[in-house]
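Below is the structure I would like to discuss, written out as structure tokens.
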Amino acid sequence: MTMKDAIRKFVNDGEMVFLGGFAHGIPFSAAHEMIRLKKRKLKLCKASGGILFDQLIGAGVTNHIITSHCWNGFGPQPTWNYKRAIEKGIPHKIIYNEQSLFMINMSFFAGYMGIPFVPIRSLVGTSIIEHPKEVGLKATMVKCPFTGENTCVVPAINPDVGIIHVQRADSEGNAQMWGFIGENKYGINACKKIIVSAEEIVDRKVIMESPERTIVNSYKVDAVIHEPWGGHPYSMQGFYYTDLKYNFNYTKETKTIEDWEDWLEKWVTGVNDRQEYLKVLGEKRIKKLKAKNMIQGAVDYGF
Amino acid sequence: MTMKDAIRKFVNDGEMVFLGGFAHGIPFSAAHEMIRLKKRKLKLCKASGGILFDQLIGAGVTNHIITSHCWNGFGPQPTWNYKRAIEKGIPHKIIYNEQSLFMINMSFFAGYMGIPFVPIRSLVGTSIIEHPKEVGLKATMVKCPFTGENTCVVPAINPDVGIIHVQRADSEGNAQMWGFIGENKYGINACKKIIVSAEEIVDRKVIMESPERTIVNSYKVDAVIHEPWGGHPYSMQGFYYTDLKYNFNYTKETKTIEDWEDWLEKWVTGVNDRQEYLKVLGEKRIKKLKAKNMIQGAVDYGF
Amino acid sequence: MGSEEEKKYCTEYTGYEMMLISASRQIKANDIIFNAFHWPYLAVHIARLLHFPNLYTVIEIGNIQDQLIKPTRMPYSISDPVIVPNSLFIGDSVDVLSVLQRGEITLAFLSTSMIDKYGNCNTTVIGSYDKPIYRLPGGGGATEIAALSKKVIWLLDEHTKRKFQDRLQYITDPGYLDGYDSRIKAGYPPDSGPEAIISPLCIMRFDSKTKEAYLDALHPNISIEEVKENTGWDLKVAKELKQIEPPTIREIEVCRKTMKDAIEQCYILKPEWITYLEK
Amino acid sequence: MGSEEEKKYCTEYTGYEMMLISASRQIKANDIIFNAFHWPYLAVHIARLLHFPNLYTVIEIGNIQDQLIKPTRMPYSISDPVIVPNSLFIGDSVDVLSVLQRGEITLAFLSTSMIDKYGNCNTTVIGSYDKPIYRLPGGGGATEIAALSKKVIWLLDEHTKRKFQDRLQYITDPGYLDGYDSRIKAGYPPDSGPEAIISPLCIMRFDSKTKEAYLDALHPNISIEEVKENTGWDLKVAKELKQIEPPTIREIEVCRKTMKDAIEQCYILKPEWITYLEK
């Protein structure tokens, strides 16, 4: 299946979409396909919004984001589409449903566990808990039935569809990651429909060589896509390093609406798929970003 | 530090003790030292009690067990010390604080997370929730503040001291396991004092080669003991297989009090430490149980 | 089981063998099975060998697997380390609980010491909890498996009034609780609960309204009376009582191979269960 | 910092450099540090290079580490993949939250856009939440780090009334809330909370009773008046006001090396912060 087919088939306008990856294995390829397919009114959730959310906001794909921050981590610098949408309603108004990083992680965890809520020891006294939010995404207080203490609890999040980009998967969808997993395991298993894109499609034997690295199993997965470099410009441990220059320049290159439209045309709407994107990126840069080998971590599974 | 020193120094009569390992990496060596050092009134918690708890009950070390079952999984067969203690008060009465397997796991998880309780979707309507239990170890119901549904919650467990037996640790106590982790990561990190015994003491470089395998970090660990075969007669992936014969015969060999006393003398009180225990076990058996190599699971950590 | 060869029935077999084979026939190709220790494990193993080598199974120690152990081998239990490098996923019990709580298990097999007419089970104690006559080993993970799987099939290797009771004093594993809608009122998913009880004598299923177990199908050469006499409540019988097909030659071969392998792995099978094992 | 060599003070440096060095001096050998992105990361990096190569640090992405990255290198952020094979532990944010919630973090550094006299911070919005004048990026994990670390030190690279406000309209990260015992009443551990605020001008600490920030120590060549004029509340001054030791030659060398490495990793440092960087 191609990314285009998967996004067309499994992502519907108005749905809540989980996009995985915490600065590593971010599904940029999937997000760009959403833009090309003109998906609308998606409700996006992700621990750290970053330039991925900024692009989806600028392209008019979302009207509601649920995250703990949205910025360009390089610099650090602001993300202009995000600011334009919230401060000026360009391209349209969006709801920013602010979460703290660990709050949204615990909400994904509760979704993963199939429980309606889970306690957290932070948030009390902050405006994050006090600010009106959509029911089901707002933390609240309960009394601990054991200790009597007032305890903050966060609700489960179970998105309609989830997308992750991983190092490898087998053709059936058993997907593995290593390095920074972020919220991927909890977030993706909490979703009703699941799309996995992978740098490599491997034999199931490879999956079984280190089964602890599996984050979602095939019986839950709706689409598996072989999508090399699907996480550029962020890193993919063992495959490529973060494109520092591309990330750093993003803020400068998207500051005005005109600049943003040029950027979008160059990298997203002017190309048809990830392979064409990589042509724009250029062989030289690709070669430079490619990770050096560092194969390690074998242990004895003998019995 | 020797196991004797560690148990003497860190395990005090009357404390709540977590013993890790779910049919793999069970700290038999530590348990036998508790028996030799005549520890008393320990309150023991573990997901699956098994013959480890049976021995600690028979030797009079504990008067309170918190677990989801206590049997000899081989056969399956009953464990006689456990039955004698509960049915007849021999060697003395013990409290059996029955948990379900996942309930005790979630209690360890809550202890791990530093939260007072966590929801679980089972237990309602069972006698496990209805039977009187010590405060703080009994599940109860709360109303979900988001959905309004009646929700069962279990309390956190934070034992005074925890003991795990792992494949490897560095000399500072960064401990790693693979294969079945059971409740080890959650249980051990929930403890106030921590003892780690390991099949191998490795250089910290080895730990950093696959940091995902770490289940507890040195800043929390009070004692690290190099204790090869510390998990016999259960398995240790990559080191030795389960001693089926020893386990199977255990029930037969401990059926009467006299038989049990002979068994205890032979394997525990008649030896001074794990090395002497291994002499009783014999070189031939040790050789037979030794795992064949199956080194795999390396991935590319390059960047 | 389509070919003529396979349809040849076996004439000599034990009730225990019939129970395992009957259980193995309940599985569908797309089931996500919770694979519990002992008799349940054997039933699923038989189904894998006979029909569904790629059956998806989950075990409480934290494994997900969708093929036979290679080289083919009967694990001594759900914690045999041979399972680890044969798994698609290894996590911990909390991960497995998440699969159960998300409602992804379509079918679970469990065995128990005693069951009541609403499918509740007791593996904790006979007599009072604090002054027991017999203390049983305890339920382990069966509580959650029974509570949260879409369909639960209970295997009882002995069909007697002591094992099949009207109501139980102590419930370790929830079935339909007090019958009718009491399970749903307790908060369990409406599409979850006991599906059948399989014993050497028969298969019972649960009335869609009262949730009481009734006799749905007889194993070969078993009479209604024999079942009723050995059941601790006034057992109702299905309007269209079914007759279970005897084991085929192929089924019995695989079943006996499985039992042999189990014995080698320290499973204790009673002499009367393995009468034909060496033939 | 014992030897004569190291005690030689530097005379030309920026307030930003003084802030980082002042921050790095707050660390003790046995601290378990929460290592946040940006200025906090630089301060901890300096302490590692100067004094404590084996400092224990935790970052929100799920890493625990107790030595410098090898080969020595400044990660571009807390998510640089170079960190992974230099870690003693890699888990996820839930694992890291567990470390925070168990109260194991002894010291955390954080930076923020604005702070109030009770050590509460806002990184969310200027103006109203729904109709903001400026929308800030949001707090990320700072909420939990501020809530649960035993000691929190806030770094502010600009000391103005806009940054140091009497009270904030929006609290992203909890400090002492409304002062006095309001933080404890909210349920936070009594031994947790803001420890200091470090700016280019000074170090503030918090009154043990009112929990209001007061001027505890001046950076070299800074006057009380300068601090008071740039602080948005009526700043109280410690009875025994301390004078901060200027950066030593060694400290400034390490600080500038760290800043250079940071710039190479895309950190934007303002021109006035790096005046002496090429000297």
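Letters A, B, C and D mark the chains in the order given here, with residues in each chain numbered from 1 onward.
Here is the rule we use: a residue touches a chain if its C-beta (ideal position, glycine included) is under 8 Å from a C-beta of that chain, and two chains touch if they have at least 3 such contacts.
Please read all numbers here as calculations on a predicted model, not as lab measurements.
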item: Shortest path length from subunit C to subunit D (each step joins two touching chains); value: 2
item: Number of steps on the shortest touching-chain route linking subunit A and subunit B; value: 1
item: Contact-richer chain pair (by C-beta pairs counted) among B-D and A-D; value: A-D
item: Distance from subunit C to subunit A - Cα centre to Cα centre, in angstrom; value: 41
item: Centre distance in Å when subunit B and subunit C are each reduced to the mean of their C-alpha atoms; value: 29
item: Multi-chain contact residues (two or more partners), subunit B; value: 114-115, 120-121, 149, 151, 178-179, 209, 212, 235, 237, 241, 291, 294, 296, 301, 303
item: Per-residue multi-chain contacts in subunit C, two or more chains; value: 63, 80-81, 84-85, 90-91, 94, 97, 100-101
item: Chain-level touch network, classified as line, ring, star, complete or other; value: other
item: Pairs of chains satisfying the touch condition; value: A-B, A-C, A-D, B-C, B-D
item: Touching residues on subunit B, where the partner in the complex is subunit C; value: 22-24, 47-49, 67-71, 73-79, 82-83, 86-87, 96, 98, 100-103, 105-106, 109, 120-128, 131, 149-152, 178-183, 185-186, 235, 237, 241-242, 244, 247-248, 291, 294, 296
item: Residues of subunit B defined as touching subunit A within the complex; value: 114-121, 135-136, 140-142, 144-147, 149, 151, 153, 155, 167, 178-179, 209-210, 212-213, 235, 237-239, 241, 291-303
item: Contact set on subunit C toward subunit A in their complex; value: 32, 56, 63-64, 66, 80-82, 84-91, 94, 97-98, 100-104
item: For the subunit C and subunit B complex, residues of the former touching the latter; value: 37-38, 60-63, 76-81, 84-85, 90-94, 96-97, 100-101, 123-124, 129, 132-135, 137-144, 147-148, 170-174, 177, 182-183, 186-188, 265-268
item: Subunit C-touching residues of subunit A, taken from the complex the two chains share; value: 112-115, 174, 189, 204, 207-209, 211-212, 214, 217-220, 301, 303
